[in-house]
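One chain, chain A, links the two complexes that follow: it is found with chain B in the first and with chain C in the second.
Showing the complex of A and B:
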């Protein structure tokens, strides 16, 4: 099938790019309707407060104000207890945005302020105010998974729910049997803001029968259910339109915009605390008018789109003398804001369960949420993994030094190979049987980057002198792109003129997935790319699909597309067989809108002739419809795997990082479109943003965000680093109709550790905080000078000391 | 609500002259997007720090979120919608963006394209360093910078070819 591909793998233009370049692309925030009303949201100014009273009389008296939503008339969306600055309190809907924003200022609210905590360090202290009364702010995550019943191939057949930790085996036994134990702690990944440009919001229009919502979402089908529950409508009366989206980056999951506000054990997927869409829906249903509510400033964006939560990590690894990694013990504590955020924890699955599953015999991953009076922390690309891999891939670097191995060789010794365990701990996915890596050659990825970065000439920090010192570091990364239970439907319509329309719900956030679906359909149908159109941004015209997340799009949507095309061709060939005088439809094939006999390609008819063979008249051609349904099962799993190498210079006088070059290579199985594939890798720029200096700074005394603007929050620009994107295609991945694996979700997982490893290689200092700003680097350099240690984790030779020494580092 | 104070301005946008009643606090972004319905120009940061609202005013790249509409009387504004020729073809800069995959999600694209137009009008063959100097204030949150630079080089080459 893949030997003579005509469309898949070819450099087609990305779907929608012409519209993006001409300004014609309609994002949800661009939608306007005649007679549209505008809403503005009143946000709580305190990090913890109860509502005492609210007086809307002055606001209601403003000419043009049509509706004021408060906890009194909209209790299912607006709460009376507020747990972060920005928590929605009320909403004014008026004829113009100016009037709505003015009326908001006239609402008189009396709050009862309460003790609060926004700093995760403070939150973990015993005398800290409790975010949820009766619950410690350090809250154990209890939706854990134990794996058991290894088969002959070493694959775990069984996953059982547990409350203590994720993993398998017996780590105490593992450490007792280890030759070398490496442990380190004190890693702290700083709070990072999700890089989403389009402001959140929606335009809702209820006409009395049907509700139409233009929403910023990557989950249009799932969002319909949430919207319906707020509107009091069933799904068939809810239409969601989301044609173009800006990058989603964790902020388009949408569910929190409709879920109850708080609780220590709430599971949610994406940001949306602003409730803008839910409020627009409520108002439209009450007023029978179109109502548009979008956040009105970037600061609001900052207050509601919290990204990666501050994460603390301790890691302990056990090795054999030859570098075989057998035992993995890890603890994570993540600032989860006002949610227990179980969802993110489900994906913070520990590289031991995938990337280094090859030799791992004992794994224990313990997780805690830290509650603070901030919005729920969500995460994006990597979804919980960059935060702890910042630690784990540095400890691997330390282990290599202690074991006397090259860091790359240590990874080669332990990285997963096809057939090794892929263990997802997430309840978002089922686990009905062994799951394993479908394809991949991480060693080849490493070889390519070693060559590109001249890794072999790399010298240790001890051999470097001068004010500016060069460093080269690396880290591995991986992530499962989808798991058991996700899937999609697709419908394909064949037209008599040799064209096709494809219907699914592929949210377009700019990664080229809709193009990939078109390519797959064109390939299956023997058409050129331009003969296939995709209809995917309107739930009225599309069909169900799992949220477009986790970089699993071209797999979970692609399969349904391929199956729908094959279903349609079955009908086409059945109709053509009598005309071409063959006994079996299987004797036929199609290309460029013609059906021909495989054994004698000169015997051929146009599609049009087959369509007329449906007993119709010769004017009104019918249409052939094919359907595809696909759900991911157990077995081989679609898994992103890649390596990030970082080359940089450190100015030891200023602490600045100079001449940063990022080399990232992924094994993509098959590149469906070379430029889109490389473009995905360029997204590592925003991972480097949180390396360089971007973190959200909160005032402990007031709870206020101090840098909620791009003036104060340093976003990545084209000046900050150079990215060199590479990929290899090691072979057809069995999980994808055309052998591809996801790309993007794991992009940011290794960049922070790779940079820290490069800094260590330059100056011999271990950086355990992000962002790695000059002051952090200078402080670490000063600390090194004072303590005459290099910050690396301690190792013990089990044969030399009776009890492994637990290392404590600064 | 305080009494509204309207001002009337005459502004040329994409070659068409408009006489518009505006309020003093309106930005040029608001005039373009709301009064004229030209939603190609995007608003994001509203503080002059992202470049997504870039338009060209009298030949200069301008952050429309930082320009008050009241100061636009008699000015000549070009938005991304004004680039497209009336021959059904893309402008060479737009064509270069499509060809070189200069857009990912595309939210920053109109701003980048207008900044590029202003650059190439003055410097038809910019070096990569000159591109970074001219476009360094435009932010792409997808991080597509290498392909954006490729797109500018391709556009420059294409425009040079048009003139040859």
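Showing the complex of A and C:
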């Protein structure tokens, strides 16, 4: 099949690249309309407060002020209780942004300040102030899943809702039967911010009949429903335009700032999120004018988009002597701030339930949220997995040492193979029958990176001397790319001149997914890439697609696009068959805008001739329209899988990490665009931010964010680490028309553990915190003597006492 | 950003006259002032910005007859970082300019502006004057009781534990430069001062016109090392410049104190002695002997010690270059 492909797999330019490069691309924040009004948001300056009174009279008296939204006239968006600094209180809409910003300063608000807590450790103490009165800050996440009805292939047929933990089997039994148990805890992942460059907001225009909203979103179709509910409109009267979107990395996947603030259960749905779009919609509906509200500073943007952070993680693994990983037990507590993101909890299941599902017999994963008076979490690449794998892939490293195995060999022993369980606990996906890995060869990925990093020459830390010490570490990563029950529509319109337009709602936030769809359409239609356009950034012109998140785009849209093209060709061939004098349309094929007889390619007509074979005038060609619908079922699942190796030097005098090189290899099934595939892997450097120093720093006394700027918060650049991108194409994934799997969301899942494993390999000390700043490394080095002994997790012998202890700690 | 009046001065005289207006602030390259204007962190928002970048003739690098290097106050850091004369004889300054910020910012930022920038403290710079701290006339140093991981390790000045974060400043101290103003010549040692909220000894109507760096003594070498999380684009966690040889020994740390910090105890140790690893190590120890770290910044003491050692070693005649690369 590969040799026959003309467009798929080729390094074509992304649609719109020229416009981006020349500055002509109109992002949502570039949109302006005549007569447009501007909004500015008043944010609460206290981390915990109730509204006592609000006086807007002075602000309202400012010439140019058109509307002031407060909890009094906009109670479905604006709350009266505030739970973090930055929580929206009111909004001024005026003829200019300057006027709106000035008027904001004239609003007099009386707050009743309340006790607050920003430190997650403090929040867990019994006498801590409660973020949600009546609820403990340590809040068990109870949207859990149990798996059962395992078939003869070991695949689970049934998933049931549970409230206690995710998993299956009996971990106590598993540990009783294990030869070696490895347990460790204390892993902590600092709160980290999704590197979203474009400020949040929207331009809303309600003309009395129809509402149009320009906004950057990954889920224009779903957002349409939310916007409609805020505006009091049905979906057909709401249009969302998001033509050019900046990188959003999953952080714009759940645009739920439309929900009113409430208790923790609503909080898990994403309430407390930025309200800018909802406020613009409200104002436009009330004023019948276009209203633009975008956050007006980077700092304001930093109040939102926090996407990572755990405070506590404990991992306990049970192995057979030969390294077979049978039992998995873990607990983790996510620092959720004001609101958890349920998807972050539900998607952070990529290890025992997928990556190491091959030999797993007993799994228990217990999750908690910790509420604090800080901004809440949104989704971000990995959705909880980077934090979770930061712990688990370090404990796997310790286990290898205890078992006397090479860390790579231990992974090879246990990683998933095609046909192994893919168990998702996300309510976004169904589980109506066994789900398994569609394709992939993780061992081949590992072999490639071992070769590239000269893994075989790696020496233990004990053999290293000198001020600067080199280390090499690795970790695996995986994540399911969408799942059962999600899908999309697609429509393709063939034009008589041998061109086509593809319509679907694909939010392309920089990864090139729209162009990949265009490549698939071109391939299916026998056209070159330039003969097809994709229309995907306007809900009026496109058709349904699930939120483009979880690197599920290629799976969700791939089949729908292919099916729409095949549907259109069916019509084209039916119209062509009489002209080419064949009995069956299936005897025909098309290339470059011509239809020909497969058995005799010299018999051919142009598309136009077929178009005109409908009794129509020769100036009235009409279009041929094909539709495609694709819903993912149970069975093979589209899953990203990769390995990250990190090579670095540790300056043992200063605690600085030097010469950091990141080697990442994914098995992509098939690379739809050779150039974009590598480019996608290059952005793994955003994972390095959480090594470098990127974490939320709050003043404990006031709750104020101290580093909400790009000076104080180091969003990584290409300068900060060298990335070596690789991919393999091990085989056609059955979930995609061209065998591709998603790529991107799992990029960062392994990098933090791989870095910590490399540091351990350099200096013999386990780093259990992110970021891994010089203070953290120096502190670890200071206690090097004792830690070198205890650094590897405690190994305990289990089961039959006659079984020799497999390995002592160093 | 709030409204303000912008005056593009055509001459130093016009600039000084314009500075008589209430709440007037000077702007050269603007890289620091833009942060002031956008962050609105001063108690009084600047009502007037006097742009001196419009004054002609203050961007030059030349050697005077007596061998003194004269750098006009409006000379861009990018030009210093590419100057052959600076590179050949004033290694510490050359490296410091090269290690400041990014290409874009070096193309905007001037040496005069760099040495006059406000101190670095995320409380002092908290937007909308959220923290009315000692440095702004308030009564509390919020860093003292808060997150001080990047703050002074040698105590405070006038109740402020912020740090001067210039990369160029310690190089000028080490090279024994003079700062020429519209009123006088100030030795680099005495140029920085803790004011509310300023960071220099300049009076309100005084402007830097030139930086004059004397020729290093025969046999002296200078070096500069910066330690930051992000190579040049990060502000220094600690940096260090030194000039040693020819009977001189000047070692200056920065980002460790509200002003550039002369490591006098280290200087005394190495002055007139042949530099070797052991001596440099001792000098590093001496440099931090009076350190008084806060709760969260003890690690900076260790880094300062190592930087002093490495910078001194980079000044050794046997060192391969004065770059002191870190």
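Here is the rule we go by: the second predicted complex is superposed on the first by the 777 of 810 C-alpha atoms of A that agree within 3 Å, B and C clash if a C-alpha of one lies under 4 Å from a C-alpha of the other, contacts with A are read in each partner's own complex, and residues count from 1 in each chain.
Everything that follows uses one rule, which is that a contact is a pair of C-beta atoms (placed from the backbone, for glycine too) under 8 Å apart; a residue touches a chain by one contact, two chains touch by 3 or more.
None of the values given here were measured: they were computed from a predicted structure.
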Contacts of A:14 with chain B and chain C, given as first, second, both or neither: first
Touching partner for A:707 - first (chain B), second (chain C), both, neither: second
Which superposed partner A:247 touches (first chain B, second chain C, both, neither): first
Chain B versus chain C, judged by how many residues of chain A each one touches: B
Partner chain in contact with A:653 - chain B first, chain C second, else both or neither: second
Partner chain in contact with A:198 - chain B first, chain C second, else both or neither: first
First, second, both or neither for A:699, with chain B first and chain C second: second
Partner chain in contact with A:436 - chain B first, chain C second, else both or neither: neither
Partner chain in contact with A:22 - chain B first, chain C second, else both or neither: first
First, second, both or neither for A:774, with chain B first and chain C second: second
Overlap of the chain B and chain C footprints on chain A, listed as residue numbers: 98, 297, 711, 717, 719
Complex contact set, residues of chain A against chain B: 13-14, 16-27, 30, 32, 62-64, 98-99, 102-103, 195-199, 244-247, 249, 297-298, 509-511, 675-676, 678-679, 682-686, 709-711, 715-719, 722-723, 725
Contact footprint of chain A on chain C as seen in their complex: 3, 35, 38, 122-123, 126-127, 130-131, 142, 145-147, 149, 227, 229-231, 233-235, 237, 296-299, 302-303, 306-307, 326
Complex interface listing, chain B residues touching chain A: 1-2, 23, 37-47, 49-50, 52, 79-81, 83-84, 90, 94-95, 97-110, 113, 132, 135-137, 139-149
Contact footprint of chain C on chain A as seen in their complex: 45, 98, 297, 299, 653-656, 692-693, 697-702, 704, 706-707, 711-712, 714, 717, 719-720, 773-775, 778-779
